[in-house]
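Before any comments, here is the structure.
All chains are identified by letter, namely A, B, C, D, E, F, G, H, I, J, K and L, in their written order; residue positions are counted from 1 within each chain.
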Amino acid sequence: MKRVLVLHGPNLNLLGRRETSLYGTASLKAINAGIAKLAKQERIKVETRQSNLEGELVTWIQEAEGRFDAIVINPAGYTHTSVAIRDALAAVAIPTVEVHLTNIYKREAFRHRSYVADVAIGQISGFGPTGYLLAIRAAIDHLKTARPTATR
Amino acid sequence: MKRVLVLHGPNLNLLGRRETSLYGTASLKAINAGIAKLAKQERIKVETRQSNLEGELVTWIQEAEGRFDAIVINPAGYTHTSVAIRDALAAVAIPTVEVHLTNIYKREAFRHRSYVADVAIGQISGFGPTGYLLAIRAAIDHLKTARPTATR
Amino acid sequence: MKRVLVLHGPNLNLLGRRETSLYGTASLKAINAGIAKLAKQERIKVETRQSNLEGELVTWIQEAEGRFDAIVINPAGYTHTSVAIRDALAAVAIPTVEVHLTNIYKREAFRHRSYVADVAIGQISGFGPTGYLLAIRAAIDHLKTARPTATR
Amino acid sequence: MKRVLVLHGPNLNLLGRRETSLYGTASLKAINAGIAKLAKQERIKVETRQSNLEGELVTWIQEAEGRFDAIVINPAGYTHTSVAIRDALAAVAIPTVEVHLTNIYKREAFRHRSYVADVAIGQISGFGPTGYLLAIRAAIDHLKTARPTATR
Amino acid sequence: MKRVLVLHGPNLNLLGRRETSLYGTASLKAINAGIAKLAKQERIKVETRQSNLEGELVTWIQEAEGRFDAIVINPAGYTHTSVAIRDALAAVAIPTVEVHLTNIYKREAFRHRSYVADVAIGQISGFGPTGYLLAIRAAIDHLKTARPTATR
Amino acid sequence: MKRVLVLHGPNLNLLGRRETSLYGTASLKAINAGIAKLAKQERIKVETRQSNLEGELVTWIQEAEGRFDAIVINPAGYTHTSVAIRDALAAVAIPTVEVHLTNIYKREAFRHRSYVADVAIGQISGFGPTGYLLAIRAAIDHLKTARPTATR
Amino acid sequence: MKRVLVLHGPNLNLLGRRETSLYGTASLKAINAGIAKLAKQERIKVETRQSNLEGELVTWIQEAEGRFDAIVINPAGYTHTSVAIRDALAAVAIPTVEVHLTNIYKREAFRHRSYVADVAIGQISGFGPTGYLLAIRAAIDHLKTARPTATR
Amino acid sequence: MKRVLVLHGPNLNLLGRRETSLYGTASLKAINAGIAKLAKQERIKVETRQSNLEGELVTWIQEAEGRFDAIVINPAGYTHTSVAIRDALAAVAIPTVEVHLTNIYKREAFRHRSYVADVAIGQISGFGPTGYLLAIRAAIDHLKTARPTATR
Amino acid sequence: MKRVLVLHGPNLNLLGRRETSLYGTASLKAINAGIAKLAKQERIKVETRQSNLEGELVTWIQEAEGRFDAIVINPAGYTHTSVAIRDALAAVAIPTVEVHLTNIYKREAFRHRSYVADVAIGQISGFGPTGYLLAIRAAIDHLKTARPTATR
Amino acid sequence: MKRVLVLHGPNLNLLGRRETSLYGTASLKAINAGIAKLAKQERIKVETRQSNLEGELVTWIQEAEGRFDAIVINPAGYTHTSVAIRDALAAVAIPTVEVHLTNIYKREAFRHRSYVADVAIGQISGFGPTGYLLAIRAAIDHLKTARPTATR
Amino acid sequence: MKRVLVLHGPNLNLLGRRETSLYGTASLKAINAGIAKLAKQERIKVETRQSNLEGELVTWIQEAEGRFDAIVINPAGYTHTSVAIRDALAAVAIPTVEVHLTNIYKREAFRHRSYVADVAIGQISGFGPTGYLLAIRAAIDHLKTARPTATR
Amino acid sequence: MKRVLVLHGPNLNLLGRRETSLYGTASLKAINAGIAKLAKQERIKVETRQSNLEGELVTWIQEAEGRFDAIVINPAGYTHTSVAIRDALAAVAIPTVEVHLTNIYKREAFRHRSYVADVAIGQISGFGPTGYLLAIRAAIDHLKTARPTATR
């Protein structure tokens, strides 16, 4: 049974309560419930966590080694500023899928650059909560087809 | 019954035959078969086309109006150079999902910029042929939830 | 009797049907009718054509040599990306007026740069369909005053 | 009866006397006479002024409010350096047409950027004195068709 | 009674002890006392906090919702690097005033860019501890005049 | 009794009449009255002037020497383009506070750079007319605490 | 017997007729004759084609696979704008020599960048029609010495 | 008898009174006296003027035509921002020598660019008041040797 | 007896376990043992710490004041993104040596810029674990020769 | 009998001994022998020289005047850094062909810029030792067809 | 017995005599004596040389092959401008340590880029003469641990 | 009796023979004669030297210390590329005047940047051979007025 760690970055705990025209009305709890439902359906084990602390996300990624087969991460604001998260992902080399709720290419220029993008398998952005479900499917498919993980 | 137009840009007719370490071993025919299978399963109508001509892609996008509910496009080399394709997508305003087989953020710097990205709902890159399937799911989900199409 | 070739670039065949808040409600047919009317009034011969294909526009420009005294061109999306159209205009050295329906300087940064601008006599942008009529007047005036054509 | 204010920026008082290969042989007086002739023909009222002082041009633009229906401006050297003129045009929100005698895109790179361009209806550049006549026609047409003034 | 949260970013706990020629001799305690005095005088409630952790500042901003009417923040070193703090401020949409003890435009180029500036009402920089008092006055005035909060 | 010169740059004479959603509804006269009221309350002498001419502002700054103890300046459009005003402020070395009605960091990129910022004590931007009152308070506080004027 | 495909890009069909001071007086027919003569002499088979269409050039490159041992290409205007042609060359991995009639480094800055250069064996620019002959010699030599084709 | 116009730009009227460590202790009057002395010695006629107004400097340059054989100009702050002064100098085409008291290449980056430099014969910077005397000698020498004036 | 604080940044706790081709096979424990051995030999006191949290590193640097004579820091991923760490080092002004295991100039462009470099005495990069030993020697030497600490 | 000077820049004396995967296995001696053979065959006189000193290459170029009809130069590392060599070539105005053994457009970005390129007739890069032979043919052809030497 | 070549670049012969506040008071002779002492102690053979000529340094590097096991180089001014020295180091592939007396990241921006950095094992900067001793230790350690030399 | 060293950089030995439209018809010998004549008249001692070697110029500058009171240098092509010459001038701290025969601001962009400019007293460019005479006068004046030498 494959195990996937889903990491939510800073401010995602506010989902559904604020800036709903931008991020949608689903709460993080609801999103996690949707993820759990898909996990059950796809017979995988999923664990979800959220943190506002860059260093805590780094630590969770480090600890994922040997305990998870894939990571789905929405680094939120740290996407564009964190070399530490990038380095953690590159270090553990667990296949990673990057997700963004909004289409980051429609937003401020500084959001167009992701430090995570080129250490991940791929990126999914712009589909709201559905993005997480697509990401999990992408991770499962990746683990099945066993393409070698290109972390760099 | 929802209708989705899948457009493959230049050189994608070579898939499975060349640069397989980069693009994988699946042929375009096989990818289209996978798409057809998913369409059947999801009870939608899908049509797939490929062209090496920028202007032909523009025309196909224009003609999609009123005939398709969503577009899934992999503009390949034109992703990074075609304002004409961008303008066609913005003009017809059919919800569009952008797909890339490879992770464009791991490749040359000129591939990091997409003229299509900010007129699409979202972007999926790096998951090989699976990306098309994820894109179709994303399009279906988008049509169901009826989020207003933000083309710009 | 002076002969002017009016070239419409990609997506201009959609005029009046889509994005009317940006491009106005006049159809390409109506614009061409307005051009024809002015041509009659000014006793010149005008021919209008539209293409979505960069290479076809290149070929039409090449064929204009010896058959037309001036070109009025709205290269639309190719304005910002086509060296081939620029080179064709420079090669035939027929006096050329560049037209844009919208004010390209109010739009995305990539629209501020035109490959055609410095091989044309001049540029007219932002006046909607009227821009074509101004462009034809500018071309006629140019042919009358016989300023030498500075193509570079 | 529509009223149009035509503003000539710095050094345009020298027209016809200096750098005639670049700016042509028509004097400012002759250009103003041509403008007056067109005004009569089109049954509008036109007033022309020239200043070498940025602040004086700002003041004239401010005073145009309520007294003119449109402005035609050739900001000359201030085109590329004056935020103050831009702000004055944006403040009074009188429909404005920007004119340049020469094709500014064939000249030094610093002339390619205009602070006025995106607060004007549109821009006409490269047609010599004829440019003013085209600009007045563009302004008249704009006032007739009553497109809302997009100053930004 | 209006409630204002004053947030001090990293290293501000050292105030008055180090680099006094740059940051002045007042300790953070003294500054907070000055703030409390003004609060009393203006009959508002003020709470002050300091943290070296980006994620803790994010959490405090999130928790301010419904508990504070305005935020005064000196993000210190995180001003120039934290999208997470920016996103938190944009999410809670509590009117925010940005303060800097030093004139950041006299210092290194990387300090000229603030991720917070365009999600705040305004910015005050260069006036030492007085800047906090001005910021609180600005916040009070803003709450009184009830200008709609433009967070973007 | 301390003397403060308040300088308003180009187009500020239009305040309250135009672009009120951007600049507010208070007229320059009303703002000056508010300044006078604060001056009385704080027992300082204030003089206010407005000019559309860069050179006149330069001259007024020069003449302030020996006659004023501080300058509060809103250079408006000249903020981003005037080295001459910067040099005048640096030359007279009278403590200067820079004010902007709007938050210049929310506006066009060219407004993010101020030639005045690093020869002033500090900058206050985004608080509307209140900004002038904060600036005067900042100036008074600066004169009291006698921090040496760092003009560069 | 080695087979070489010589591809001429847009506007090269005009050679010898226009801009002869820049491109020389030899017609494309004459150049092709010179190529044929060298082919005979070197006992190789050469085929020459010209197109104004980017997509047609892409298709010809694709079709060259298995039918030609080397490609000599002058992509003309598409040199600087076509990722699609680049991708086609990289895909078929036929050893390619890039030729330019003029010295592209003496011309406009946008001509200094070639999308083809780093997927070709090498580049020859500035020698007029002779460049094609040198390119064929380079291709023959390359095939003889059997250096492995480095396409990236 | 040759006639030279010496123009002093904004803030140079403060010379000798302010920022003497940067600009020296000589007053403008003293500098002008030194210039007059050299003029007498070299048997030329010199006239000196100073203005804080960009437009006034433009007008003086225009009026110099036919009345002066050479211009020596220190545009001060306008050096780096005035296209209008550049255009005036280019228009009258009177041989011009650019002078700066300080070494502008030792100062802020924005002072390294001069709009006047490439329409002048040459530039002298960094020698204090002596620079004016060198500039007059350079102008005299230029007039004697009758090198054609290259204004661009 | 001199006291040196050795700080290891994020992900360095993984040393020896992951990406060993890049970072070597020595564990952090082994590296710290090597450091301890050198400390004993050089008769200094050394303390080593590692954290994944930016803010914790900031706090440790602040607390070092008065307790340590020098800092040796490998800020890892925070090297390129942390102004907060830079500011902490500048504030405490304890002589600091920056170390990197890998040669950061052989890696991604974003690793070439260090926010710490110009507040440190110097930088040592590329020598693997040996780098820490060299850094400690450099710190000891620095403390002996008592060169004044240039923190900026 | 035409005379050609072949200049080899720094480090080319190491050819065939080091980095053979990049530069090939032919020694400089062998390359010179190949050149001599072609010279004999083409009945021209060729002289070859190598230097590691920029200034010596400058001197040799100067001395070539009147003694050689063409120069073939591989400036190696000085290609990207030497204005002095460029100026020497421009000064003597002997037709020059630039050669590079490797394809400089496949290598580091700093190698993409050549100071020699736009003072040479043309450039040949990427063909290994064959490049020299092609260059000599290009030079001979150039001398025969007597195209005027465009050095700039 | 390991052999190390220590190369001093231009102007280092002046050490101890000029700019001592920047470079320290130790003469090159004293530095070389210190190096010799360490060599003796570490039982290696060291040779030191200094040159002001870029090409001479290139030649010395070439000649080091087979005669030295490591190079320690302070390229001084050539650090930032010499591709030739870089190419020589890459060609001979002798393990190289780059040293700078001053912290080049505290100095002018042009000193932040080193052409040598990414062909060296590592870089040591900012520790004055001690830097050479650290560099020799680093070289010895490198030779002992036999990490493969990554020259690029 | 003051002593001035005049240094001529690479290619200046060709003066008067080549590119006379750019550099004038005076030979270096004639220029040196003019310099000698002025030296006699001004009662100073002048020595002139020319070299094509960067390192030789560095050495001459070093040797000037204690033997010359001022340096006049035209670094020619090395102006834009030599940090070594800059460092030599900064090291010896002999007052230096930079001269250029042509107006470097009218030429290629890479000539606009001088590594020497901000370590010299000042710069004189564009006046042909006269520039040297002005430079010597500037040096003499500088020595007389004893302004402290600001080398940075």
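Following the convention adopted for this analysis, a contact is a pair of C-beta atoms (placed from the backbone, for glycine too) under 8 Å apart; a residue touches a chain by one contact, two chains touch by 3 or more.
What you are looking at is a predicted structure, and each value in this text was computed from that prediction instead of being measured.
In summary, the chains found to touch both subunit C and subunit F are D.
Any chain that touches subunit A and also touches subunit E is listed here: I.
One inter-chain figure worth recording: subunit G and subunit H are separated by 54 Å, centre to centre, where each centre is the mean of the chain's CA atoms. Between the Cα centres of subunit A and subunit G there is a gap of 46 Å. Mean C-alpha position of subunit G lies 54 Å from that of subunit I. Counting partners per residue, subunit H has 53-56, 81 as the residues that reach two or more other chains. Chain pairs that touch one another: A-B, A-E, A-I, B-C, B-G, C-D, C-G, D-F, D-H, E-F, E-I, F-H, G-J, H-L, I-K, J-K, J-L, K-L. Interface of subunit E with subunit A (complex): residues 53-56, 58-59, 62, 65, 81-88, 90-93, 115. By the touch criterion stated above, subunit J contacts subunit K in their complex at residues 9-11, 13-14, 18-19, 51-56, 76-81, 110-111. Within the complex formed with subunit I, the subunit K residues making contact are 103, 105-106, 114, 117-118, 120-128, 130-131, 134, 137-138, 141-142, 145, 147, 150, 152.
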